[in-house]
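What follows is chain A paired twice: with chain B in the first complex and chain C in the second.
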Partner chain A sequence: MSAAWKNLLLRHETILGVLLVITLIVLAFQSDRFFTADNLLNQGRLMAEVGLVALAMTFVIVTGGIDLSVGSILGLVAILLGVFWQKLGLPLPLAMMLGIVVGGVAGLVNGLIITRFGVPPLIATLATLALYRGLAEGISQARSVRGYPDWFFMLGQGEFLGVPVQLWIFGLCAVIAAVILGLSTFGRATYAIGSNAVAARFSGLSVDRSLLLIYTASGLIAGLAAVIFVSRVSTTRSDMGTGLELDVITAVVLGGTSIFGGRGTIIGTLLGLGLMQALKNGLALAGVKGDGTIVVIGAVLIGTILISNIFRKDADG
Partner chain B sequence: MSDIALPVRRPSSFARLFEAYGQEIVVLAAIVVLFAIVGLVNPRFLSDTNLTSIFSGNAYIAVAAIGMAMVIISGHIDVSVGSLIGVLATIAGTLAVSGYPIWVAWLVPVLVGIAINTCLGALIAYMRIPSIVATLGMLSILKGGLISATGGTWITGMPPGFFIAQARLFGIPSPVYFMVVLTILVALWMRYSATGRSIYAVGGNAEAARASGLNPERTCVLVFALHGFFAGIAALLFATQLQVIQSTVPPNLELTVITAAVIGGVSILGGTGTVIGSTLAAILFACIGSALIFLNVSAYWLRAVLGLLILATVLADMARRRRGLSP
Partner chain C sequence: MTPLVELTGISKSFVGVKVLDHVDFDVRPGEVHALLGENGAGKSTLIKIIAGVHAADEGEIRIGGEAMKFANPGQAVKAGIAIVYQELLLFPELSVAENIFLNHAPRTGWGGLDWAEMRRKARALLDDLESHHLDVDTKVGSLSVANRQRIEIAKALSQNARVVIMDEPTASLAEGDVQQLMTIIRRLRERGVGIVYVSHKLPEIFALADRVTVLRDGHYVGTKDIKEVTERSLVAMMVGRSIDQLFPKEDAPIGKVLLELRGVSHGKQVRDVSLTLRAGEILGIAGLVGSGRTETALTIFGITPATAGTILIDGKPVQISSPQQARDLGIAYVPEDRGLQGLVRPQTIAENISLTVLKKLARGFIVDRGKEDSLARDFIKRLGIRARGPGQAARQLSGGNQQKVVLAKWLAAEPRILIMDEPTRGIDVGAKSEIHALMSKLAQNGLAILMISSELPEVLGMSDRVLVMNGGRIVAEIARKDATPETVGAAMTLVQEREAAA
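So, the complex of A and B:
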């Protein structure tokens, strides 16, 4: 076998793709409800919010960073959406826009803490995880907002050409993210920062500006996911998105993005997302209760990294 | 930073004390100021019942923070400790209810905690899985496993001798003794024993530590095993402080524990900090939580206040490092 072929076969994405196909086949035999268009589209609907955030998270982790605050940003934006619309009486479209902007500002604050003060991303976003969730709780005082107009539910519950609306949004964002990361100068810079930030700086890349952009985008997209989430479940509560970061990071790392930075693709993230959602859904259909599926996801996360580390050790000699 | 040699000034003993324990002194001062102000506004804050509930009710957080401080000093992180404490508390309660001797119900959770975290430490040290990934995975395994095994039911009807956290000696609740004695022992051990010092060395620079003949992998496993021990003790205090054990994961416990360690002066970059600081910070949180209630501030703001506190501490830590003043 030529080296190029071997490389392709040993790529994380290829292994993951095969794993996904096997999982799908096994699950299809487990339950005849699994492989129906209805079920698959519905799974896509449930996956869209995690998926959107995972796209930005792929960039973040490729730079060698991490963003633990995305779940809290989602909660904060959801609460503010309700407050802007109901308490301040703003028109709903404006409230949606403002909410997403607040998400972007929250991400920008993360970026500023990380680049201006040199705080490690893990700690910076751990702090803002508490801060943003705290703001959401404080502002909402545990009161939920309901009674949104019907057109608003289009975003999270509607369909366009038979496919859930948020899947269109997710698909569009995924293509844009894949093009930026895979084909643009900005994407190459992202990899360069993750491989060696100091070398990237000396090569004339504006590392800080790229990081600011990426963390802001992560906040913006968490805001977008918040709006879709609220539209899907018809209500806002301050605990929305709790633990979202776990799902997102699992999907991204499962997809072959190195937690140390410098390696990873959007395709991998999509495969990771697919595998995770298929496992969740398949296990639920096979009768495993919701919390049992979390166990499997945790085990799959550790297992995948373990296997990938062992493979890489062999490859490096 | 410049390379110009500055004239050596001999610092006063207070300056030296402040340099070594700056963060600890700041946290202690914050506690004293908080007590003075809130006590003036609402004297009931200083009542015996409230002081007992502050110290005794939160001692388990301080005990868990001892282990977390060691983990962070050694250059790692553990986001699964809240789930672990939930699991261990449930094990303790279930054993006690099922009629096992009380010492078994006390001992088994501690041993299980050590066993689970030793495996975790081995995964991190020898299989090179980053601690954030390994402990994220462990978080969902423990949390999901606990809820699917118990369904979140409440455990009640433990035998009367089980409630170790409700015991008192000389009028002081037992959790306070656990907190104080363990903190002092670990602080002394980490400062004066060779193994304790090696944790700082590995956290400060693992490769330099290796070159000096230390074994960073073994240190990592040891630190996580000890962390499991403290999680076990914390779980016991948590499980026995009330008459019921809710067999779920205490929400955000891991965050509170990490925050206590970080605010207590454990540097997020590893290599510095003491467990005295983490214990003081855990007490400070408990005071803030209680003070908010006595000042009639909605408890829903507590997390925002904590978030701001972590952020301010972390930024101050980074600023201090930049100026090169930190020891």
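So, the complex of A and C:
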């Protein structure tokens, strides 16, 4: 077998793809409700928010960083959307835009703390996780906002050509993210920063600017996910998105992105997402309780990483 | 006398490419056995097989006459084999003592670490190596390469090594440190330790080695007593031809001033430095390690921006506060530490070379892989980089070839001012003369080159003018015709005495 083929077969993505297919087949046999177009599209709908955030998170983790604050940003933007629209009486489209912008600003603040003050991303975003959630709760004062106009639900509940609207948005964002990370100069810089930030700087790349952009994008996209989330569940509450960061990070890491930076792809993240969502749904349909599902996902995470590490060692000689 | 280590018929392939082909090698007690060969000849690979890092595909390893197979480096350490690697592997955040005793720290009765004993033993080992000035509590990250290397050697000794393998130990040392290292090696030899010594510097080989073994392209060429060979015959054995001239500096027309520094300072390391650099000129900077040469380069390159003084390019004052600005002004810096500052090791050769010219290579914002690939192929050919192709990961290359990739990456940026910090570190004799020839050619094409080197012959051979630095200041400027080992050396030591007296 030629080296190139061997490399392709042993890639984390390939292993994951095979695993995903096996899982789908097994789940399809487990429950006849699983492998139906309705169910799959509905799962896609549920996955879109985590998926969107996971796209930006892939960039963040490839640089060797982490963004724990995305769930809190989602909650904050969701609350602000209600406040802008209902309390301040802004037109809803403007409120949506402003909400997303606030998400971006929250991400920018993360980036500034990390680059200007050299705070490790884990600590910086752990702090803003608490900060943004606190803000969301303070602003909402435990009141939820309801009564959005019907057109607004198009985003989270509607369909276009038979496919949920947010899946179109997610698909578009995924293609853009894959092109940027995989093919563009910015993607190249992202990998270089994650592998060796010093060498990247010595090569004349603007490391800080790239990091700022990536953390800002992470906040922006969490804001977008918030708007879709609110539209999907028709209401705004301050605890929205709690724990979202864990799902997102699990999907990204499951997808083969190295937590140490320098390695990872959008395709991998998509496969990781798919596998995670399939397991959640399939196990639920098979009657496994929530806790059991988490255990299985944890086991699959450890399993895939071990397998691909073993193969990688082999391949390196 | 039974050899301490004896290898016979060792072969090794990486992904189908044979890098060692039936190689024999042995080390006797109390000898220095030098291992020679061009970049990529397989020296480091052979050493890693002895140390249990790689497993041989074929052949036999005997330790003290007994056949052995190491499954991991730990077993080799137990068998008394210690390595000081080409790319030093210490932990920068740990202290000197912690690094020395990383895997075998002394324990107290109840199993905790015995810190007092550890520090005491570390002190004793360092004293043994005449390194009385090294504090066992300092973090390794803050130490010079020479000192880090002493710690590696102390670590080897702390494991009771009977064989100490050194892979290009002097590549990043200044002259004085080289002398000290040689003293240490001779002392180890007197104690009956067997030493494997890899170096591209032939004078060192003649000063130290008892025997030499030469590899070429993974093949065993031969083992000779040092008395049987001359510098010429060794080079011929290594490259398969003879090399006439080591420093082929050719005359280049000297043009207008491209770079000028006026009273530039940064912290304590760069103090009031003024210099001019002209098109077509190679300006050498000599000095001891820590004299501020690299720091000056870093200030020009925008890593540590100047806090005082002016930098002028083409006679116009410029503000350089990031490497990006420096690059856009036509300045390139080939850094001293290729592992940390030069290469993104997991990325491919092509990806490394294109890093400085990503924007130029892109169509829109998409990297043009075809162009990137041909750029890399071009440099692989031009600099004779030994690699499977542009898609090979940089970390898989031999040390000298990694250095060439760093050089390629900056030549790709087509700079007007090229700063080279130890440009031929770890590069074999053949490739070295090629790089020197390349420097001459670049100068003839109007490039201005600022060359920092700890190798005096290189400074003297290549420079049109030599600056000597000490304590962050430029203390002497010597024209090519007046530059001799004596004048340059004297400038360095004279100043040292003055500093000491002050």
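Just so we're on the same page, the second predicted complex is superposed on the first by the 304 of 317 C-alpha atoms of A that agree within 3 Å, B and C clash if a C-alpha of one lies under 4 Å from a C-alpha of the other, contacts with A are read in each partner's own complex, and residues count from 1 in each chain.
What we mean here is this: contacts are C-beta pairs under 8 Å (C-beta built on N, C-alpha and C of every residue); 3 or more make two chains touch, one makes a residue touch a chain.
Just so it is clear, the structure is predicted and the values come from calculations on it, not from any experiment.
Visitor: Following the superposition defined at the top, how do chain B and chain C come out on chain A, clash or fit?
Guide: clash
Visitor: May I ask you to name which of chain B and chain C touches more residues of chain A?
Guide: Per-residue touch count on chain A favours B.
Visitor: Figure out whether A:R201 sits in contact with chain B (first) or chain C (second), or with both, or with neither.
Guide: second
Visitor: Touch test for A:I294: chain B only (first), chain C only (second), both, or neither?
Guide: Once the two structures are laid over each other on A, A:I294 reaches chain B alone.
Visitor: Considering only the touch criterion stated at the top, classify A:S184 as touching first (chain B), second (chain C), both, or neither.
Guide: After superposition on chain A, A:S184 lies in contact with chain C alone.
Visitor: Superposition on A: which chain C stretch among 57-65, 93-101 or 309-317 collides with chain B?
Guide: Among 57-65, 93-101 or 309-317, the clash with chain B belongs to 93-101.
Visitor: Which part of chain A faces chain C closely enough to touch in the complex?
Guide: So the residues of chain A in touch with chain C come to 3, 179, 183-189, 191-192, 195-196, 198-206, 262-263, 315, 317.
Visitor: Once bound in the complex, which stretches of chain A touch chain B?
Guide: Interface residues on the chain A side: 66, 113, 117-120, 122-124, 126-135, 137-138, 140-142, 238, 246, 249-250, 253, 259-260, 288-289, 291-299, 301-302, 305-306, 309.
Visitor: Taking the complex as given, what residues does chain B use to touch chain A?
Guide: 77, 123, 127-130, 132-134, 136-141, 143-145, 147-148, 252, 255, 258-259, 262, 268-269, 298, 300-308, 310-311, 314-315, 318-319, 322
Visitor: List the residues on chain C that touch chain A in their complex, please.
Guide: Counting only chain C, the residues touching chain A are 14-16, 54, 301, 303, 322-324, 326-328, 333, 335, 340-347, 351, 354-356, 358-359, 361-362, 365-367, 409, 413.
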